[in-house]
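The structure is given below, and queries will be raised subsequently.
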Amino acid sequence: MIRIENVSKSFALHNQGGAVIEVMTGATLAVAPGECVALTGNSGAGKSTLMRMIYGNYLTASGSIRIGDIDVASAAPREILELRRTTLGYVSQFLRVVPRVATLEVVAEPLLAVGTDREAALARARDLLTRLNIPETLWGLSPTTFSGGEQQRVNIARGFAHTYPAMLLDEPTASLDATNRDTVLTLIEEAKGRCAAIIGIFHDAPARDRVADREVDVSAYTPARAA
Amino acid sequence: MTETMHSEVAHRADERAPAPLLSVRDIRKTYGSYVGCTDVSFDLYPGEVMGIVGESGSGKSTLLNCLAGHLAPDRGEVLFDTRAEGPRDTVTMSEPERRMLSRTDWAFVHQNPRDGLRMGVSAGGNVGERLMAVGARNYGAIRESATDWLGRVEIADTRIDDRPSAFSGGMQQRLQIARNLVTGPRLVFMDEPTGGLDVSVQARLLDLMRGLVREMGLSAIIVTHDLAVVRLLAHRLMVMKSGHVVEAGLTDQVLDDPQHAYTQLLVSSVLQV
Amino acid sequence: MTDQAYNFAYLDEQTKRMIRRAILKGVAIPGYQVPFASREMPMPYGWGTGGVQVSAACLTPSDTFKVIDQGADDTTNAVSIRKFFERTAQVATTEHTAEATVIQTRHRIPEAPLGEDQILVYQVPIPEPLRFLEPRETETRKMHSLEEYGLMHVKLYEDIARHGHIATSYAYPVKVEGRYVMDPSPIPKFDNPKLEMAAIQLFGAGREQRIYAIPPYTRVVSLDFEDHPFDPSKADHPCDLCGADHTYLDEVIVDDAGGRMFVCSDTDYCAGRQAAGHRGRLSEEDAA
């Protein structure tokens, strides 16, 4: 489902004397449907950078990143937008939404965007919010006013609303209590059960051990910091 | 990270059309020896919102005016996918056709609402003008549409007979949007739509525009120097400097991983809140 | 009293030819405003300089000329213009509508129907009907050429929104022969239906340097909304002198106690009816 081949990345800092920083080279990785791969490596090894490249958020210098039929490294913006809408989900660590939109709408939105019937989308959103212990009294409010933990759970509900065939998870269990952490891990297992290919970053080792089938240490792709 | 936003504003399934709504080819506009903009080409698809950023004098407004038919470019094509006849070059089409487009399928939101509103005409009359321009002749129906649109842009219907001069800046801008969208256009040009508004008013306006863009499946081209505005509204981004497009791509990619020196400077110059 | 120092009808022949060309063009394109090189006339702008130039270009020595101002033959403006042409053209003048071949009018159409052998010349202050909503001449010309007339209805919309009905009661915009929207000069909207007539109608705006025309039997439609149709209303009274209930009336205050009377604004028409024996409410007392 996800095939990453010989991917490299560098940042050219034009406003700092044109310094070029090589951050990744030769990264190669494949994830099959129903498989969960955990990225490991020290802070700064490039886990998040790789995730962002897969999502199309960072440009890829060379190599290919295939998700289904699309090579993110060379796709047109329109194709990437379409990929993100239908195929590739991303659960980041932080919720960023527009003010004034109700939580229930925020969670249901990815479903509405792929043409799901409104009632069915809202039903799914209610179900996820219930499972993640967001009190019903908050559903009509904008999540911008919520606590950090609540925002994180709303973010996860939103990320899991649509059944994406490929998913990127960036620290999905960070700052969650035991109950909610368990719910999130169950959601990940359910996603694997329906054959989603998943790449995740988990600092939480027991969580990683529970859901990840394999680990890939991205430090292997970090160029030696000679410069 | 902004990924949550982008999936939210992505197209709906039923709007996935193979043909671009607007194809811009090699547009160039000079003022004497001064280059307004040059070598600009891009495709805009139905439901897409594109931002154009750059500092004052970068040529972004010149470009917008060329695209919207307000300025005649020296060179290049602006192909618009018309309802009746498919793609037509709006640069070479006759003026009556172009003006007809600009009051039916196109909308233009000016930075200064005074440029886009009739200040001596009531709010209802402002909204109704485009309807009357395309032949609406039933007062009751026109008034009903006007009331509906004032509601959509969050202006109380009790203000329908007030003139825009009695409105605040934010209300004037919302009225301008209602006036433009009442005929159900497919392409909206916006020139610094939030310029000159204070921050809370801006947020409300942006949220409103996002909602309307999504609900109506609009395509839009937004010229601004405000990166927060494009992050919120635009799927794609073009960065202009000295009349040239120096960088283009997905909005979050351009803002989070800028490649060109000027874009890096622009992104790093934004105050973090 | 004549003055041989002037060419016939005051203007020189070249100027009259220029104006006639503009008139012919106007007749050929009903409702279209034809620019012309308006001359300085020996009267101030606003006193009918446009109408006077059109009349001068139309008059021949055998014509009979009539001038009305708000329907009356005996007001200052009407008297001075009539005298002007008596002196510079030596044409016969009359107060009787039926006898006149050229009638110059300010703000009225005579009540009696006009015939094919008559010319009605209007004095026009502002020929552009779109002017109050769109001040740019370049833009209004473009709107005319592209038939973009939505703005005209905005004006009527504003009327209804503010007053509950179309309150424009004079200079009511019309569409001529399905093409040009035209300002019929500040005639009362009561007169609008009469714009479809047998006589040639010529409009002259001196200060604005525009001439336009409605040829005989041209379709002239007053703009309106489906649910607010055009209504050529008038004061709900009969004439107090001749008893007519189908004419446009002037309201006249007759004393310091608020007493008032309504009389036909068309003085010739009213006098004709009285001579024929028609009587109104105040005929006996106020006939003098």
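Order of writing sets the chain letters: A, B and C. Residues in each chain are counted from 1.
Convention: a residue touches a chain if its C-beta (ideal position, glycine included) is under 8 Å from a C-beta of that chain, and two chains touch if they have at least 3 such contacts.
Predicted model, so just to flag it, every value in this text is computed and none were measured.
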Leading chain pair when contacts are tallied as C-beta pairs: A-B
Most distant chain from chain C, judged by the mean position of its C-alpha atoms: A
Chain nearest the global centroid, as defined over all protein CA atoms shown: B
Distance between chain centroids, defined by C-alpha means - chain A, chain B (Å): 31
Centre distance in Å when chain A and chain C are each reduced to the mean of their C-alpha atoms: 77
Inter-chain centre distance, chain B versus chain C - centres from mean C-alpha coordinates, in Å: 47
Of all residues in chain A, those that touch chain B in their complex: 11-15, 52, 55-59, 77-78, 80-82, 84-85, 89-90, 92-101, 109-110, 112-115, 155, 158-159, 170
Chain B residues touching chain A - in the complex, by the definition given at the top: 1-8, 10-14, 16, 45, 48, 203-204, 206-207, 210, 232, 235-236, 249-250, 252-253, 256-257, 259-261, 264-265, 268
Chain B residues touching chain C - in the complex, by the definition given at the top: 95-96, 99, 103, 118, 120-122, 124-125, 128-134, 137-140, 142-143, 160-161
Chain C residues touching chain B - in the complex, by the definition given at the top: 133, 142, 146, 148, 150-151, 153-154, 157-158, 160-162, 224-228
